[in-house]
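Note that subunit A is present in both complexes that follow, paired respectively with subunit B and with subunit C.
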Partner chain A sequence: MRTKQLSSLALVALAAATTGAVSGPAPIMAGSITGTVTFTGTPPKMRPIDMAKEPTCASQHPTPVMTENVVTGPGNSVEYAVVYISAGDAGASPAPSTPVRYDQKGCQYVPHVLAFQTGQQLEVYNDDQTSHNIHPLATVNPEWNKSQPPGAPPIQASYTKPEFIAVKCNIHPWMHGYFAVMGTAHFATTANDGKFTISDVPPGKYTVTVWHEKFGTASQEVTVGATGAATANFVYKALPY
Partner chain B sequence: MRTSTPTMVLASGLGLLLVLGGAVPASAQETVVNGIHGDAARGKKDYRRYCVGCHGPDGDGQGENAQWIDPKPRDFTAAVFKCRSTPTGTLPTDDDLFNAMSRGFVTTNMPQWLPLPKQTRVDLVAYIKTFSPRWKAQGAGTPITIPPETPATIESILHGRELFQKMECWKCHGPAGHGDGPSASTLTDSKDNPIRPYNFAAGVTRFMCGETNRDLYRIFMTGLDGSPMPSFVDNIKPEEAWDLVHFLRTLQPLDTPEAAVWKAWLPQHASELTPIGPPVGQ
Partner chain C sequence: MGKLFGAIVAVIAVISAAIFVARIWWLPADVSVLGEGIDHQLTETMVASGVLFVAAQLALALFAWQYGDAGDARPIKIFPGGATPMVVIATALVGIEILVLSFVGTRIWGNIFLTPPDPSALTIDVQAEQFAYYFRYAGPDGKFGTVHPELIDEGSSNFFGLDPAHDTAARDDIISASLVVPVNRPILLRLHSKDMGHSFFVPELRLQQDFVPGLVIPIHFTATDTVKKEIVCTQLCGLGHFNMRAYLEVKTEPEFEDWLKQQSQ
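Entry: the complex of A and B
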């Protein structure tokens, strides 16, 4: 079956890429989708966070940090947008065996949005001198709430269903973050320049979706052709509220 | 299945209603409490009589009374429950649901349903479990293992006090457990409604999920899902947890054995205690 050939060739490309021993150009079967997420209009202003209630964290930020609901960069770029293939993937991808790391540092979540796959191991670290409680507000997956004192070992968890999960700490109400639990291996989170690259995409027709916690979602059809490269840019309409 | 004619008529009539309402599956997970089997079809009738006003016809906590009461009624479709003997993120057992319903929730509008016959309450548990697919998909969690309670000595109470400081319970509950910690005023539940932490020193001596030492043990070792109260099971050893229970009892205006030990010890030794709260220098 064509699907099996594509999958095995994609696996070869993936294996070659991970061993770092790619001889010659990457096979065209491993295409990619790149793009930029930007906005037009005026986005809401971010506000400085007052951490006076937690002196051990306030002392880590000589200038207060700003809220992170909308983080923008040069050229009206949007950071922390998650771009992923929502339709067209040939079958589910097994979760990577490497865990992903989520840090509570300076009473902030680092990274603000963490994208990982269903079944992939998540490890939450407390790097601060204060306790945090890690409370992912899942609705499709089970909601749990665990305390993590300073010096405690990382909390390990995983999720079985795709979902965008808001994460909060009840002790420190300004802490907000997200888990983007993906049902596909084809996803990327935009950096401050708004750029993303989804790699190892076999040729085919796909629906690519972008998610942002404030701007919402948008989708477009993308065809990865024989040349292996496709582009998908997203432009959000921003309002100041 | 029952075979008497009136019940069959009722069941098929209810079955039609339920198919339209999309509620009771044909082979719902069994509900058993103390040997009594719950019947979800019968439970639905009781639900419509006793529960629907707050919890709503769809079990989502949007009954017609909901807009005027605080805290809001439980949303059974979310399948997130405060009072469990099972770990955080898992579903309660049938016993947990039965006990919560029978006991009611002090300081809320959820009354004690103890006056209802046991069979009725078990039927209601069976029906409540039909509001979320999670009951069939995952089923109830495994209750945590609770070791036998250790003696309530002064050493146990003092160790519990150290835990209260170290686990930073005081951040929400306050240094004397008055519910006035630095984070108390900004607490919100999982639906973003403001919520207050338990005030140990107030006249309300029953906890949200019971009144015994064992109930108290379970509260912080499983957390109150859907609320800011997390589970401390990863950070407190089971034997140590009893020490914290004993200390928490000394914060309450009750004549408990723990309070007696504490009151006897305190006058000569109060000056030895380091205050609970932020480390000195902050």
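Entry: the complex of A and C
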């Protein structure tokens, strides 16, 4: 995730000048949006996943792993929520050249929710001693599914349109995750403490949206000042069923 | 040449029969109440067809040995009355054999597929899908929640399509990926398929039944030993068919009750 946080224009200019990472006029990247995603109410109980039919995976989990549809942390925090700028971004940002990594490990998807940009390279690894068949259920982007035996090279893919894509394995029905394909460079996924930081946000007025696979979406307006950090906290209302 | 052929046929027939008589590559040990009847029926069938098989092969060998072309230009002899009565007699004999075996076997077939299970049977729902089995127990309230196929969501472990938000009976239903049953207690399985034809096969229970999407197919058994055995799919159901399996775990009654309690927590 983006943890780098630059606090002033001078720093940005200095960094650009010393590393040569930015060519041409340095973009104004001053602020950041931070916040916490929490819930009120009672969230659904997660269930243990029984992997008995796949002994090579079951043996990797001394205690059964739980489903990850709603993962909460201390202080009613919500993990795996994707927070992003949904309006107000000036122009499209080019996708980073570094690929993102998605692992099939112990018959689970790691991380459960993977956020990346449109056009960014996605690499899917099979770390298990069994075959997987990854099937992202895209509806806006082209849908595909690919088999990957143990030891096979990573599957390469990318998406051109923003979409939240549920991912399943056609061999192991309990495997479940999400791709959050972002049309912006300004996004973050919450950690177990529910916190997120969207960095390198130029000053301006934005709509910030949070997405969670069970709790849905919510938005709020945020203004980022010339030097400061803006805050956007989200509270979901959770129901047990 | 006829003598060589006769000798080879006789040797093959005797070795084939010996493999069955000596029970090399025989069935795995039976652990079900109905298994004994099935094994008995199977043995009867094997003996009946085996005796005929050996007799027919030895007769063939004898005739090849005795009457094979010796290169002495003997005229070919015709079976008395020509081929027609021979074919009619053979067909009738084989037909009668099959009818008798079917008739004798009907009782054991009926015991499994046409007789309702004991009323005290423990009911377990089975959901087959590409490429796993899931088993549902009614939970502490003894009631199964209603199934809504449109609510099936594997990612949330809702393999049966339950609606706990509106259906209180569904809230305590226990879902397991292994079929855990108490020993010596009749079990009624209700087979559902989410997507296509699958099969429930446990050789040790002598039980094999297809799943058909849209049908709820009941089968029942009583396990007689505390064992852990594999349940395998024997209908080719797609890419992961090779990997479609689950485990049958037969526990003692107290162990089973403990397991149920653990699951409902």
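Everything below uses one rule, namely that the second predicted complex is superposed on the first by the 211 of 241 C-alpha atoms of A that agree within 3 Å, B and C clash if a C-alpha of one lies under 4 Å from a C-alpha of the other, contacts with A are read in each partner's own complex, and residues count from 1 in each chain.
Keep in mind that, in the parts below, a contact is a pair of C-beta atoms (placed from the backbone, for glycine too) under 8 Å apart; a residue touches a chain by one contact, two chains touch by 3 or more.
Predicted model, so just to flag it, every value in this text is computed and none were measured.
Overlaying the two complexes via subunit A brings subunit B and subunit C into a clash. In the superposition on chain A, contact is made by A:Arg47 with subunit C only, not with subunit B. In the superposed model, A:Glu79 makes contact with neither subunit B nor subunit C. In the superposition on chain A, A:Asp89 contacts neither subunit B nor subunit C. By the touch criterion stated above, A:His176 is placed in contact with subunit C alone, subunit B being left untouched.
Of the two partner chains, subunit C is the only one that A:Leu239 touches; subunit B does not reach it. In the overlay built on the shared chain, the residue A:His135 is in contact with subunit B alone; subunit C does not reach it.
Once the two complexes are laid over each other on the shared chain, residue contacts for A:Asn69 go to subunit C alone; subunit B is not touched. Judged by the touch definition given at the top, the superposed model places A:Asp103 against neither subunit B nor subunit C. Here subunit B runs into subunit C after the superposition, and of 58-66, 166-174, 220-228 or 238-246 the stretch doing so is 166-174. Shared contact residues of subunit A, touching subunit B in one structure and subunit C in the other: 53, 130-131, 133, 147, 170-173.
Of all residues in subunit A, only 53, 55-56, 130-131, 133-135, 137, 139, 142-149, 152-153, 155, 170-173 touch subunit B in the complex they form.
Interface of subunit B with subunit A (complex): residues 78, 80, 87-90, 134, 138, 166-168, 171-172, 182-183, 186-188, 190, 223, 225-235, 278, 282. Taken together, the subunit A residues at the contact with subunit C in this complex read 47, 49-54, 67, 69, 130-131, 133, 147, 166, 168, 170-174, 176, 239, 241. Listed in rising order, the residues of subunit C touching subunit A in the complex are 129-133, 154-157, 159, 164-165, 171, 175-178, 239-240, 243-247.
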